[in-house]
Amino acid sequence: MTHPYPPSPPLPDEEHARTLLRHMLLIRRFEEKCAELYTQEKIRGFLHLYIGEEAVAAGSIPLLGPDDSVVATYREHGQALVRGVPATNVMAEMYGKIEGCARGRGGSMHIFDAETRFFGGNAIVGGGIPIAVGLALAARRERSLGDSPDELRVTACFFGDGAMAEGEFHESMNLAALWHLPVLFCCENNLYAMGTPLDVAHSETELALRAASYGMPSWTVDGMDVLAVEDATRRAIEAIRGGGGPHFLEFRTYRFRAHSMFDPELYRAKEEVEKWKERDPISLLASRMREADMLDDAGMEELEAEVEAEVEEAVRFSEEGSWEPVEELTRFVYSESDVDGGQSP
Amino acid sequence: MTATYRAAVREAIREAIIRDERVFLMGEDVGRYGGCYAVSKGLLEEFGEDRIRDTPLSESGFVGAGIGAALGGMRPIVEVMTVNFSLLALDQIVNNAATLLHMSGGAFNVPIVIRMATGGGRQVAAQHSRSLEGWYAHIPGLKILTPATLEDARGMLWTALQDPDPVLIFEHVLLYNMEGDLAEDAGAVQIDRAAIRREGRDVSVITYGGSLHKALEAADRLAEDGVSAEVLDLRTLRPLDTEAILQTVARTNRAVIVDEAWRSGSISAEISARITEGAFYHLDAPVARVCGEEVPTPYPKHLEDAALPQVDDIVQAVRSILPGTEGGGS
Amino acid sequence: MTHPYPPSPPLPDEEHARTLLRHMLLIRRFEEKCAELYTQEKIRGFLHLYIGEEAVAAGSIPLLGPDDSVVATYREHGQALVRGVPATNVMAEMYGKIEGCARGRGGSMHIFDAETRFFGGNAIVGGGIPIAVGLALAARRERSLGDSPDELRVTACFFGDGAMAEGEFHESMNLAALWHLPVLFCCENNLYAMGTPLDVAHSETELALRAASYGMPSWTVDGMDVLAVEDATRRAIEAIRGGGGPHFLEFRTYRFRAHSMFDPELYRAKEEVEKWKERDPISLLASRMREADMLDDAGMEELEAEVEAEVEEAVRFSEEGSWEPVEELTRFVYSESDVDGGQSP
Amino acid sequence: MTATYRAAVREAIREAIIRDERVFLMGEDVGRYGGCYAVSKGLLEEFGEDRIRDTPLSESGFVGAGIGAALGGMRPIVEVMTVNFSLLALDQIVNNAATLLHMSGGAFNVPIVIRMATGGGRQVAAQHSRSLEGWYAHIPGLKILTPATLEDARGMLWTALQDPDPVLIFEHVLLYNMEGDLAEDAGAVQIDRAAIRREGRDVSVITYGGSLHKALEAADRLAEDGVSAEVLDLRTLRPLDTEAILQTVARTNRAVIVDEAWRSGSISAEISARITEGAFYHLDAPVARVCGEEVPTPYPKHLEDAALPQVDDIVQAVRSILPGTEGGGS
């Protein structure tokens, strides 16, 4: 089924458009660097790149406020970067250095950051979804306790098309709808779960329909068009904050690279990938900005330079970072203070 | 004041809810039904749906939601009806609750308490009679509590709720009706140390939870024959109080471990291994184990009784390692 | 939402109507006896009665052939009896005697019978549903291996409204629909999961709609009307056998007794129960038969006598049964022959 | 013929599919992707979708479906990518596969084979590096195989498929690339007995799976110093070959157990307990254990290395219980 998406929303003002472009470019260049560093064996383990899907994170996450929360997957560098986790700490995490946002304990799949309420980085497919439900439950209760903002905090939960086949997805959707919780479910439908195409994994491939069956508003969105992503997300977040309960957004997108660094990509044709690259979210926005005279070659070069500087700084920072002493191996199995510390609400 | 174990748990929940506005109870049938073991009867009426939350049959979903709520600043008490159903939530317990603190390099701790009923003895057959608390004790990041007395049933919950990390509390199904004295002002108890429930010289009987009472009865019987058994209640299975274990063995030089779980790979194995590692030269006889038979629990009473450790089995195991008996050493 | 059920199907011929009535009566009297025996402590452990829901098993299961399979829950005496597991062996199972259909190892919640392809008796809510999917997978493969009947074997899988919130339900529905498997999903919606009412457990209380979201035909059926149950089941089985893939039937029913022998029934009003008893499936059919002159007092007495004799025989058989010797405790943990025996396809 | 462990497993699957029309392979990405460890690469093309079945991400669903297919007369090989994800299928494995035979009084056996990758060492962090095969060995009704050699990787599958009961096969991730000789006619192997992979007199090193090769390397190193270590490969963790364990200990009087899992409650504890129970008077020193550190596996190499047993650790543990050393007894 092809999606006759509604017409793309109008371009926003130049500054805002530039921010969107900058975010996407940052993710792109940051991850291209990661791939390079992987070859150099600076980064190890599993590395899942977001390249091609940048519009989803860039269009949605900046709409969240500082008290809102994000739950993501193992393909979460993009989410972390636009959420404001410093590129330095994200990169250092992948180096396994102490300066990483999880002290290097987690690596690429486990980006965590208390400051920005970035709750991972979950590498069990679907495993983060119930957690998002719980964060939303806490947000609702907080409000009734009276010591929190007037409007509901929103929890944005990212997961892939593949995750929707997991039982945890089902249980979480039902809980969120049943309890009318302030969660934004963001499905990044990139048409594959590793090598398994959508229609080999789901009897109902219209994922927004599946979500709607729990009785929550669910829309399908052009995930390559950052303006469409932003528009849909804005409307959903407004509704949620106002007490409209959980919303589900299916972002139709595509990953341009392999699933992970180990993937020989036997399961899809090069032509298919090339076809999708014609709708590269960065080029799409850049062309529209050029057409509207918001961007020229010089402007683009400037952006590229900014982003490159940020990435280079992240690499430098990580190179200079330090290794956790082996003596500290068994730290962080239990909290170091016995007191009931924990996150403040 | 006389109370039941059930009432002690209920009081502990009530107190926690009253004392800390972040606390709530969540689980299947904890509200309208009153709890499958009637532990939370009356609490929904008293505290309302925000504090006593009935959930759908979604073990992974609501345990995960409890983890999320804990991350979000709440102090959830999640009830999983029985340990058997917790297998459906194992991903959340092991991959998330136990792991998040480490994986996040200390950024996020998970102050959740998960309560579940455990154990056999009620003729509810293979899928409803498991004792997996010792199995859970394998997982770093979790704390495993097994209250065996009214005092611990009353007091461990509060301590668990103050713990910054995930705590699992296992309540043996046969204890809910147990009656006993409970001080009016009973409150929080420590959860770090095992407790000697009976002092003795000749042998250490090491146990926990539902089996404690069988061990005490066995000790009574042995006393009649002049055998003085010390009974150690582990109370907490992770972290194990190794010091207390080694000390009692150093005193008596003989140990019998009593554990309702299937023998192979049960916590009794770990205790035996630690005794070997830490008190080898104190041992006058091999460490003995009285465990559950390695069989899914059968329904008929005579077979279920045979599958679970009984007082007689404990007495016999003790006798088998006393001096002068075959296994009893020199 | 109330269900304007379609008009009840016409009465079948007398013999068939009598069989339906007899099946329901057998379940009713058998279980009343069970309750009595529980009070006498002949039966122990958990005992879940089906009283009030008899029309579901009686209307559906007899439509299955001997090569078809049944997967049920802990509330499965009714299913077992109409499937043809002898009442003697079902009762002996509850006594825990060796003559029980599971040698007494399982008790009330674990009725198994190889002869009638009755695969339990599963006491983990939702736990039997993936198994039904697997049985259906085997049935499909068998046909392609050519050594099985021309038509597809059907697996009928019973579960409650509560079970539909479990992740295993979701995964199984997707698998069955995706692989187009010959399964009949039979939801016994008795409006409660223990003490939890439907709308406290499900965001979407139209359960047939939820099932339909996987893309399989799903109908809501008056579960108190054995003729409606039979009619819907017949149509579904025909469609499945012909290669129509999985079907879902929601039987709206009600249990007249407590959830189990331990349930104080705090969660529902006596009036609600009384209201539902006005649609007692046995009375409903009996009245229609009386109206059609298929049944009179004498006929009813005769039926009652037949059924009572069967129940009494089951009790006698069980009383005279024997206990498994304790020495055999550890049997049946592993198979006693090393050879690849197993079920023949 | 030279082969890799991966190719040996692949050949075993191919042979099974060819030999028995009831056999099929099912799991996430076993088909189009070629298997997450490339084990089943090419098999979909060779055998088609009925025999090589890609599944959605539904661990509980497709493991349960495997159990149902086994009950229905098939002989499914179900692949769960890694043991970590099997936690999502635990209800099906424990409550159904392991329990149905008993619960049905022998009416229904479950001839399913479940394969999964296990172990750490690839820097894939806490949620992807667990070693839970010893944990699974606690469950009666399951058989647990841990092929450590090419021959076993090739041969255990066929034996497992002939077994009437559920068999879990754990393949250590670091072994897939291991190369070695494999006889052209390599076929089924027995799965009942442990194997002595190296004979020795002074100490028994007892291990399995991925750790076997570290143990053998340690034995080489010890040999240079004149210490003769016997290396026992358990091969099957349930049922454990207690006899072989006791025999080797009876010969050497000293035992070191090497196990990558977290120490507390690992299979090493059970082995230690059995040695105490069955060979106590043969022991010249306490049984020693070299296990994984009790920490969710960290990502950086230096920490991961420190968390897992290494050759050095084994050498040191052996030394610590040899005569003349502190723990080494008299």
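In order of appearance the chains are A, B, C and D, and numbering begins at 1 in each one.
Just so we're on the same page, contacts are C-beta pairs under 8 Å (C-beta built on N, C-alpha and C of every residue); 3 or more make two chains touch, one makes a residue touch a chain.
This is a predicted model, so every value here is computed, not measured.
Undergrad: Higher C-beta contact count, A-B or A-D?
TA: A-B
Undergrad: Give the label of the chain whose average Cα location is farthest from that of chain D.
TA: C
Undergrad: Which pair in A-B, A-D or C-D has the same interface as B-C, with over half of the contact pairs matching by residue number?
TA: Selected pair, repeating B-C: A-D.
Undergrad: What whole-Å value do you get for the distance between chain C and chain D if each is reduced to the mean of its CA atoms?
TA: About 40 Å separates the centre of chain C from that of chain D.
Undergrad: For chain B versus chain D, what separation do you get between their C-alpha means, in angstrom?
TA: Computed value for the inter-centroid distance: 30 Å.
Undergrad: Starting from the mean Cα coordinates of chain A and chain D, work out the distance between those two points in Å.
TA: Taking the average C-alpha coordinate of chain A and of chain D, the gap between them is 37 Å.
Undergrad: Among the residues of chain A, pick out those that touch two or more other chains and give their numbers.
TA: 104-106, 110, 122, 124, 127, 165-168, 171, 174, 178, 200-202, 332-333
Undergrad: What parts of chain B, by residue number, touch at least two of the other chains?
TA: Chain B, residues with two or more chain partners: 56, 58, 60-61, 84, 88, 91, 95, 102-103, 125-127, 140-141, 294-296, 298.
Undergrad: Taking the complex as given, what residues does chain A use to touch chain B?
TA: The touching residues are 69, 71, 100-106, 110, 112-114, 119-122, 124, 127, 129-139, 141-142, 144-145, 167-168, 171-172, 174-175, 178, 331-345.
Undergrad: Name, in rising order, each residue of chain C that touches chain A in their complex.
TA: 165-171, 173-174, 177-178, 200-204, 209-210, 212-216
Undergrad: In the complex, go through chain C and note every residue touching chain B.
TA: 44-46, 96-97, 104-107, 109-110, 122-127, 162-163, 165-168, 193-197, 200-202, 262-264, 266-267, 323-324, 326, 329-330, 332-333
Undergrad: Per the contact definition, I'd like the list of chain B residues that touch chain C in the complex.
TA: It is residues 28-29, 31-34, 36, 38, 41, 54, 56-61, 84-85, 88, 122-128, 293-296, 298-303, 306-307 of chain B that touch chain C.
Undergrad: Any idea which chain D residues touch chain C in the complex?
TA: 21-22, 24, 50, 55-56, 58, 60-76, 91-92, 95-96, 100-109, 111, 140-141, 143, 161-165
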